[in-house]
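Below are two complexes that have subunit A in common, paired first with subunit B and then with subunit C.
Entry: the complex of A and B
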């Protein structure tokens, strides 16, 4: 609530890149849920998944962990509670 | 299990403090056709629906939680700088008495979220038809809220959410056809 964290422009740019990739991946996921035999969609899904992993890694190197429970690394001290939270930007 | 990711599904920006629109948006937070109802409805129906459509209910239900977080972000940003007088003028006076600026799962009229908003009939077609209807009602609600604000930043995120309802409805319709085809196939033997 008290989070008056300011983030640089690069935060928004990298976040948007991730959101764009994830949008395509959510769309492909729901599409594949009802079209499991579409090979082209599946190839696109796997290709974007790889791109997504790299984009998330680049973001995390600069702005800290995106996920918890062992899906992201943390520097010292524990970075998870660092602001901003998504609703603060 | 679920793992939280520290990011919104789509950027949420608002151009001004506007508790009046926040009050309407609470409908999509804890209302009958809101995002909480949607997430809990689909994730609860998963257990008794045929295997062929479990993945779809699982994934749409999960996406609804991302939408719930976007709605919460909108309400938070629209009210965080509001004065008590502004909350009062926006019809959020009673909300302020009970919750201060905290969010709470009610509909736009302050009726608390209830499981009676959602259904699980166990009949796959009946459940999917309810899901399709829920998506269409949520889409209509988003349209009415878009019509009720002139904040183009807010409208941008609301339009994204409106379009997601369209896609979810489409996928649920496909799920109905998948189950119908499966049922026909079984009759052949």
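Entry: the complex of A and C
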């Protein structure tokens, strides 16, 4: 991602998928805080977090790291400071 | 109208400087009535949940803005 390459539709689609998964995970986390013995919700939470990891992995393979400080990999050369940044897309 | 909308009528004194607001409304979200969430509630699909702001239809509260309506 160099200069001012515009990102393709796939970028937005994968980003939205991540957002959907993340929001559901937040909701389930808050729910499980008060319902620790709800097996069905816990299974859903684990399934969704696995899906989220896979979605994030696919995204990062294609568009670079999502997080920093060792939470994401980077290709060569260092991709972290490439544009676009999340607020620019 | 929206079943979560409640309204009340503020006191209007004879010496109020500004035109009075005779009706004021507020929202009563579902979590007031069922604070402890029952298990295995029906869920929205993920895209809907993200857009509507909740995973469970039982706790959905639209909270539309009334800014566009004229002064009541």
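The rule is short, and it goes like this: the second predicted complex is superposed on the first by the 84 of 89 C-alpha atoms of A that agree within 3 Å, B and C clash if a C-alpha of one lies under 4 Å from a C-alpha of the other, contacts with A are read in each partner's own complex, and residues count from 1 in each chain.
Throughout what follows, a contact is a pair of C-beta atoms (placed from the backbone, for glycine too) under 8 Å apart; a residue touches a chain by one contact, two chains touch by 3 or more.
Keep in mind the model is a prediction, meaning the values are calculated, not measured.
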Greater subunit A contact set [subunit C / subunit B]: B
First, second, both or neither for A:42, with subunit B first and subunit C second: neither
Touched partner set for A:29, first subunit B, second subunit C, both or neither: first
Partner chain(s) touched by A:19 [first = subunit B, second = subunit C, both, neither]: both
Intersection of subunit A interface sets (partners subunit B, subunit C): 16, 19, 23, 27, 31, 34-35
Touching residues on subunit B, where the partner in the complex is subunit A: 3-12, 53, 55-56, 59-60, 63, 69, 72-73, 76-77, 80, 167-168, 171, 174-175, 178
For the subunit A and subunit B complex, residues of the former touching the latter: 1, 12, 15-16, 18-19, 22-23, 26-27, 29-31, 33-35, 65-69, 71, 85-87
Partner subunit C, residues of subunit A touching it in the complex: 16, 19-21, 23-24, 27-28, 31, 34-35, 38, 40-41
Residue ranges of subunit C in contact with subunit A within the complex: 36-37, 39-40, 46-47, 49-50, 54-56
